[in-house]
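The same chain A turns up in both complexes below, where it pairs with chain B and then with chain C.
What follows is the complex of A and B.
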């Protein structure tokens, strides 16, 4: 049970058109998220770190359905939820057609039976319907609207700015109970009890004194606690936390960080913790993924990656983090230039222009794949992996 | 002493009463020295610099205190000067790098022209070509290509704008430079370059610097002395190593243990319970008392004096933390 995968992202891509054309097809795209794969197990958290514009927030937005994925598959608790993330039915249909039907129709029964994981589950259903493609598609898209609702219940988001993410005209009770309202859970009395309980959980005690106040009467730390309460009231299995502590002062921040960790444990929940702050990531995650220009360049257990960074970008990033100790001197970040725009990036390592170790091989080949260099520690670099000399 | 601030008080007048943003601040600053002021949002860090430069909004009320500034011909109390005399000191004596460089450049003027304007405002006798030379020199100093002088701010990246703002602050060779969170909006790699640049220039030109930030780690990198500010007052002031290794004020102690780091052992982080007080009516006694685990009757009723416990180490606390003592903050 504990090893169960809650979230799996496979080859997710999100492109934004960089120009608007009327008669011809758009040629230039911002590659915000470019072919990333992530896996998060239950109760564990993954920190997605990187500089602004590297695509970390876009990834989070795709997961909660605020942006449509361009390509890729998102699996939440053994269910392919990608068709639910598309706004209109036809895109969802096309997704199922391209990802399952076309592939399955070319396979023999034997091959279909041998498929593993999520493919295996869907292949079984496909066989059960005796390979009837239309039936299969309609079964996968059955009750799509309802299932989107249900998905929203399982995946929640905590936003960065507690001053903007709470409606100033609603009381704390209204804000926290709104998800219960939308999902029509319980009557008024039960909702009140639930809200009171969750407010106690997030440390807003006694709850009666907070329930009927407005956001402007609370401090930043308290507001962020309200935002956390709202995200947790539906008992989601998975929460996207987008820089939830970066707007808070140090003395208050630790409290919110500890609270989030405790709640993850109590509610059997996982976080995708999006942050630019490596020190915070160290305390908030089991594993870490470093993003650069839409690609994951290094991933592994948090402590391992931070103490033994392998990718030149991770090294530079870590060397640039100021240390809260005047007696410790840190190294010079070894990096050139500044972040280029991710519009139609050339077919080579994304980090090539800024990399101090780049060789000819890096320029001639496409962006390197993640290679497991140490147990669990993967790096996307030809030089580190020993492929380029 | 280049700059001596004595018992500085400035309050903002609001409908609800006076917000005591700067409430009795004392410090000295010498040439070549850098003082870091660290504190949480709303504690009055920025208000100090605004009071020193007398760039206050209409609702600000100067209460008391003096700012002695010595340009080499004896200390002058900036507080007593009239507006036209004060102009002489701004930019030439004390200049400022503002927070959010993105907003402190005028988008419709070329970056170089804006700096030339600053120079000619203070030295009207300088011809344009001389001023251009000076700007080119400044651009070199802050690590910008001088050929970018004739570009507009939108053609600059965030880090470059910040460098341009630093160049502008240096335009009239000031003796003191006040840097107010100059790197807050920047990414770490850019921040690292800017911090090093600022520190290098400050040492090279032997300027005094006041660096204001909420980030202890950044302050640790750029300051010789650190002042920890809490609710309109300095809680503690000492050289940076002492502040980090032997903090005496429980608030400083808490902050040092609340700050996560990427290096060293992964220690348990401290949570300081409660919230900073509202400066409309701060607690009667010590302002940190309601959140302090060491607070007693005395702290609640009587305000601690800001005293020099060791040479150069000032603390305002009735029960300072002894060296080696472990302070246990309550969990919330």
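What follows is the complex of A and C.
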């Protein structure tokens, strides 16, 4: 039970058109998220680390349905939810056609039965409908609107800025009970009790003194607690936390982080913790994924990655963390320049321009795949993997 | 489970919150002398209009005790068909019987003005209400949806703004019987699709990009829910302000049309001035001699319009914190 995978992202891509054209196809795309794969187990959390503009937040927004994925598959609790993340029916249909029907129709029955994981589940359904493609598509897209709505209950997001993510014209009660209101759960009395309970949970006690205040009457930490309460009131199985502590004072940061960890335990949920702060990542997460220009360059258990960084970018990030010791001199980070533009990046290692290890091989070949160097510890680097010398 | 924590019913708490925010708003408002002046003028006119039914009976008790026959037959204080048989030459200058004199037909001017007051209020507020409802909903939807809807309504607003609305109303008056309510409807619609949409859309755009909209969206809120629960409450103070400024415009337009004799309105401040003009009392030296025919009604129009305008300006400072002095 504890090892159940809550979220699995496979080869997620998100491209934004960099120009608007009417008659011809768009040529230039911003590769915000480029082919990333992530897996999160129940009650565990994964920290997505990287500098500004590397696509961390976009990944989170795709998960909660604020952005459409361009490519890839997102599986939440053994259900492929990608068709639900598309805004219109036809893109969802195209997704099902491309990802399942076209693949399945080429396979023999034997091959279909041997498929594993999520593919296996869908192949079974495909066989049950005796390979009727139209029926299969309509079954997958059945009640799409309702299912999109139900999916929103299971995935919630906590936003970065507690000063902006609460409507200034609503009371705390209105803000926290809004998800209940949208999903038409319970009557007024039940909602009141539920809101009071969750406010106690997030440490805003006594709840009746907070319920009918406005956001501007609360402090930053209290507001972020309200935002957390709002995200948790529907009992989601999975929460995207987009730098929830970065706008808070250092003195209240740990309080909020401890609260989030306790709630994850109590409510059986997992976090995708988006941050640029390695110390926060270390505190909050079981595993870590370092992102650079839309790609994951290194991933593994948090302690392992931070103790033994392999990718040059992770090393540079760690070297940039200040050490609370005036005696100790810290070395200059050995990477140079700044992040290149993610518009149609050239076919070579994304980190090539700034990499101290770069060799010719890195320029000639496309961005390296993640290779498991140590158990559970994957790196996307030709030099570290030993492929290039 | 927590035992019922909130002892009071929810509506009571909301009422209290509302009262509290009203109180803080009032504290700010009270410092603006001009806005206070506007508010008191509006209150004065409201009372002035409401006590109209008392006016004839008071005058009857004071001046017409000896002549109940004349009062019954000629109804000297009726604003439309009244006539005072005791006075030989109409228009007569202000006297005790007729504090603001009579018009060329022998009607009491004060009673005409009092009778018109509630109608001016109804016209102004109806027109402004229609303007604001249209402007707010269209502005918020344009900002939220963007694209074709946005372009269509913005170009429509450009056209409406460029089009001389008085000329349009003149042409319309040839086709439509412009009664008070119809006039309010047309004025309301004309200004509703005009500049107010632009202003409210601009305001709504600043709300649309705030993260709480995204937060609501990620919870599964529908478009209508976001527009009506998040965007509109945030631009409502501004639309309320524009409502105040629109009352001015509506009253002014009505007065202009009545003065030109194009509206089918039996009595209004504009009609009083039109009466004086059409019977030739505004020409040459007469304008000074027969001042009571046009000055009171004109002053009423100016006063009420400027009162709403000052009130609007005062509210602007409450609504828009950047304009506050401290």
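FYI, the second predicted complex is superposed on the first by the 386 of 389 C-alpha atoms of A that agree within 3 Å, B and C clash if a C-alpha of one lies under 4 Å from a C-alpha of the other, contacts with A are read in each partner's own complex, and residues count from 1 in each chain.
Simple rule for what comes next: a contact is a pair of C-beta atoms (placed from the backbone, for glycine too) under 8 Å apart; a residue touches a chain by one contact, two chains touch by 3 or more.
From a predicted model like this one, the values you see are computed outputs, not experimental measurements.
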Clash or fit, chain B versus chain C on superposed chain A: fit
Chain B versus chain C as contact partner of A:221, first or second or both or neither: first
First, second, both or neither for A:10, with chain B first and chain C second: neither
Partner chain(s) touched by A:251 [first = chain B, second = chain C, both, neither]: first
Which superposed partner A:322 touches (first chain B, second chain C, both, neither): first
Which superposed partner A:276 touches (first chain B, second chain C, both, neither): first
Touched partner set for A:77, first chain B, second chain C, both or neither: neither
Superposed model, angle subtended at chain A by chain C and chain B (C-alpha, nearest 10 degrees): 70
CA minimum distance (chain B, chain C), superposed complexes, angstrom: 7
Complex interface listing, chain C residues touching chain A: 1-2, 4-6, 10, 13, 17, 210-212, 214-222, 225, 230, 233-234
Residues of chain B touching chain A in the complex: 40-41, 157, 159, 187-192, 195, 214-218, 220-221, 223, 240-241, 244-245, 254-256, 258-264, 266, 269-273, 275-276, 291, 331-332
Of chain A, residues touching chain C in the complex: 61, 64-66, 148-149, 152-153, 155-157, 159-161, 164-171, 178-179, 182-183, 188-189, 192-193, 196-197, 200, 206-208, 211-212, 227, 230, 234
Chain A residues within the chain B interface of the complex: 51-52, 203, 219, 221-222, 249-255, 257-258, 276-280, 282-283, 303, 306, 316-328, 330, 333, 335, 338-339
